[in-house]
Every structure is written in C-alpha cells, then in structure tokens.
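Structures given as structure tokens follow.
Two complexes follow with chain A in common, the first pairing it with chain B and the second with chain C.
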Partner chain A sequence: MKLARVVGNLVTVAKVDSLIPVKLYILQVLKKDFKPSDNYIIAIDTIGTAINDVVIYNTGSGARMTELTSNIPTDASIIARVDEGLLNYLVYDLK
Partner chain B sequence: MQIGKIKKELVCTVKDPALKSVKIFLVEILNLKSEITDDYVIAVENNLGLGSGDIVIVVQGSSARLISENRQMPVDCAISAKVEKINIDEKYKFLLNG
Partner chain C sequence: MLIADVIGTAVSTIRIEKISKAKLKVVKTINPLNPKDGKIFIVEDAIGVGTGERVLISDDDEAVSSILNIPKVPMRASIIARVEKINLF
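== the complex of A and B ==
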C-alpha cells in the first residue's frame, strides 16, 4: 500500500463487463515527503473519492479483497482516504 | 493498472490450449503525458475488438486471469478496457510539463 493523490479520471469505451459499474482514477504516487513522484497508477475507487484527495491504494491480488472489487480484474484499488486535516501541515503546496 | 498503447498483435500458432480464444498483443507502456516509455508488456485480450494504436488499460498479476470466463489461463498481464479520454484536473496539469 502506498500514498497517492487523485489527479484525474479515465473515460473508457470497450471494456470487460465487470468494469462497467466502477470508476477509474489516475493516481500520482506520492513520496514520503508527500511530494509527487514520477509514477502514476490507475486504480478503482471503492470508497467514493474525488479529485485532489490523498488516498491509500492497494496493489496486487489484495486489490480484489474489497466487496466491490472481488470479481473485477484490477491490480490496484483505492481503499482509504487520508484526512486532510492531518496532512495540512505536511502536505506539499500545489500552487 | 497502467495505460498502454498497442504496438502490434502477436500471431502465435503454437500455444497453450487455454489461449486459443484470446488475442496476444505487444503493448508499450505510456507515461501520463501519453508518451511511449521503454517499458512494454505482452498482454492478452478477450473479445474487446482492439487493434494497433489503441490506448488501453493493462492489468497485471493474478487479476489478469479475471478478464474471461476461463480463470485458468496461464497469463499474468491482460487488457481490461480501451481508453477514450485521459482527464487530468486543471490543478495538476503541471505534472505533464515537468
């Protein structure tokens, strides 16, 4: 599991049937100082996140352990949102 | 999951029987700027009707076997969807410049 910031979403057309009801987000992986790293990952939203949130994502077969994703071909899922209040004094200023 | 661009289809006459119904593609991994990186994967696709040049989502690991009814395919990388649009929020456009 790692920290990432939600920076965008994906619009898909032809897809596997089980992917139809889910939302796909683009996450920018964060370094331990909360600054964006060079890596991105596409993940399925299981908790209701929005653009700009700092989230925890889970990779590998563990990504299918949530109720929503148990039958979905995904190797990355958003499993928690970090409270903004906690991050405020640490978070990288994005202006 | 990562975003990739299909380079070409690989035609394989001799293959595992479980792979009879799927197509095999060479997919180049893209970065967020939609540029091709050095990284690539061989991925299978089941009945999505894709071809060279399509932008797709690549799923890796055991999850790749969930793209078809047959959960016993000997694969670790698959294409789960075709991407129509990549939306990056205005606030994070700077990620595309650096």
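== the complex of A and C ==
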C-alpha cells in the first residue's frame, strides 16, 4: 500500500465490460515526506474520493479483494482516504 | 494500471497452447506527470485496438486470466480500455 494524491481522472471508451461502472483516477504517488513524486498510477475508486485528496492505494491481487472490484481485472484500487500524517513528531494536515 | 500508446503488433507463430488465441500488442507507457518516461511492453489485447491509440493497461496476471477465462495464464499485462481523455487538475 502506498500514499498518493488524486490529481485527475480518466475518460475511457471501448472497455472491458466489468470496467463500465467504475471511476478511474490518476494518482500522483507521494514520497515518504508527503512530497509529490514523478510517478503516477491509475486506480479504481472504491470509496468515493475527490480531486486533491490524499489516499492509500493497494496494488497487485489485493486490489481485487474489495466488494466493488472483485470481478474487475484491475491491479490498483483506492482503499482509504488520509486525513493527517505524523512524521518526525510533526503532524501533516493532508486534507 | 498505466496509460500507454499502442506502437505496434507482435506476431508469434509458435506459442504455448494456452495463449494461442491471444492478440499481442507492443505498447509504450506514457507518464502524464513526466513526458520523458516511457517503457516498452508486450501486452494482451482484450478489446481490439489499433496502432496509435491510447489505452489503459492492467499489469497483473490474474487480471489477464479473468479476461481470457483461462486459469493460470502465463501472461502478465492486458489492454482493458481505450483512453479518450486525460483530465489533470
């Protein structure tokens, strides 16, 4: 599981049938000090997040273990929204 | 999942039996946050796309086997959608 910020979404057509009802978000992966990195990943939204939220996403076969994604051929899903982080005794407000 | 551009087709005549019906495409990944990035992949094509189109690829073996309905398929990445638009805010 990794931390990332939601920076955009994806409009797709002609997709695999099971992918039709889900939302696809572009996530910018965060480094360990909560700063943005250059890496991105496309993930399925399972909890209803919005643009600019900091989220936790899960990759690999674990991405298909949620109720929404059990039949979807995905390799990444958003599983939680993060409110704040604690690092070196400093609280970071990530809302 | 990653975004990629289809840059070609892979033709193979001798394959193991399990993947005899799979269509194989050559794709180059793109990174909307860093235009210099890009890796070449061979992927299985589940929806039927042409060269030059922008697609979404799922990089997981069980995803491929659920699309092809073959258990334990020895392939790892698959095209699962055609990308119409990338919205960055």
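The rule is short, and it goes like this: the second predicted complex is superposed on the first by the 83 of 95 C-alpha atoms of A that agree within 3 Å, B and C clash if a C-alpha of one lies under 4 Å from a C-alpha of the other, contacts with A are read in each partner's own complex, and residues count from 1 in each chain.
What we mean here is this: a residue touches a chain if its C-beta (ideal position, glycine included) is under 8 Å from a C-beta of that chain, and two chains touch if they have at least 3 such contacts.
Because the structure is a prediction, the values reported are computed rather than measured.
S.K.: Could you look at A:75 and tell me whether it touches chain B, chain C, both or neither (first, second, both, neither)?
M.R.: both
S.K.: Counting only touches as set out at the top, which of chain B and chain C does A:51 meet: first, second, both, neither?
M.R.: It touches chain B and chain C both.
S.K.: Considering only touches as defined above, state whether A:16 meets chain B (first), chain C (second), both or neither.
M.R.: both
S.K.: Given the touch rule stated above, what does A:64 touch, chain B (first), chain C (second), both, or neither?
M.R.: So A:64 meets both chain B and chain C here.
S.K.: Give one of first, second, both or neither to describe whether A:27 is in contact with chain B, with chain C, with both, or with none.
M.R.: Neither partner.
S.K.: Would you sort A:3 into first (chain B), second (chain C), both or neither based on which partner it touches?
M.R.: neither
S.K.: Intersection of chain A residues contacting chain B with those contacting chain C?
M.R.: 7-16, 19, 24, 26, 28, 40-43, 51-52, 60-61, 63-64, 71, 73-76
S.K.: Going by the contact rule at the top, pick out the chain A residues touching chain B in the complex.
M.R.: 5, 7-16, 18-19, 24, 26, 28, 36, 40-43, 51-52, 60-61, 63-64, 71-76, 94
S.K.: Help me check something: in the complex, which residues belonging to chain A touch chain C?
M.R.: Result: residues 7-16, 19, 24, 26, 28, 38-43, 51-52, 60-61, 63-64, 71, 73-76 of chain A touch chain C.
S.K.: Going by the contact rule set out above, which residues of chain C touch chain A in the complex?
M.R.: Counting only chain C, the residues touching chain A are 1-3, 31-34, 37, 46-49, 56, 58-60, 62-64, 66-67, 78, 80-89.
S.K.: Which part of chain B faces chain A closely enough to touch in the complex?
M.R.: Against chain A, chain B makes touches at 1-3, 31-32, 46, 48-50, 57, 59-67, 78, 80-89, 91-92, 95.
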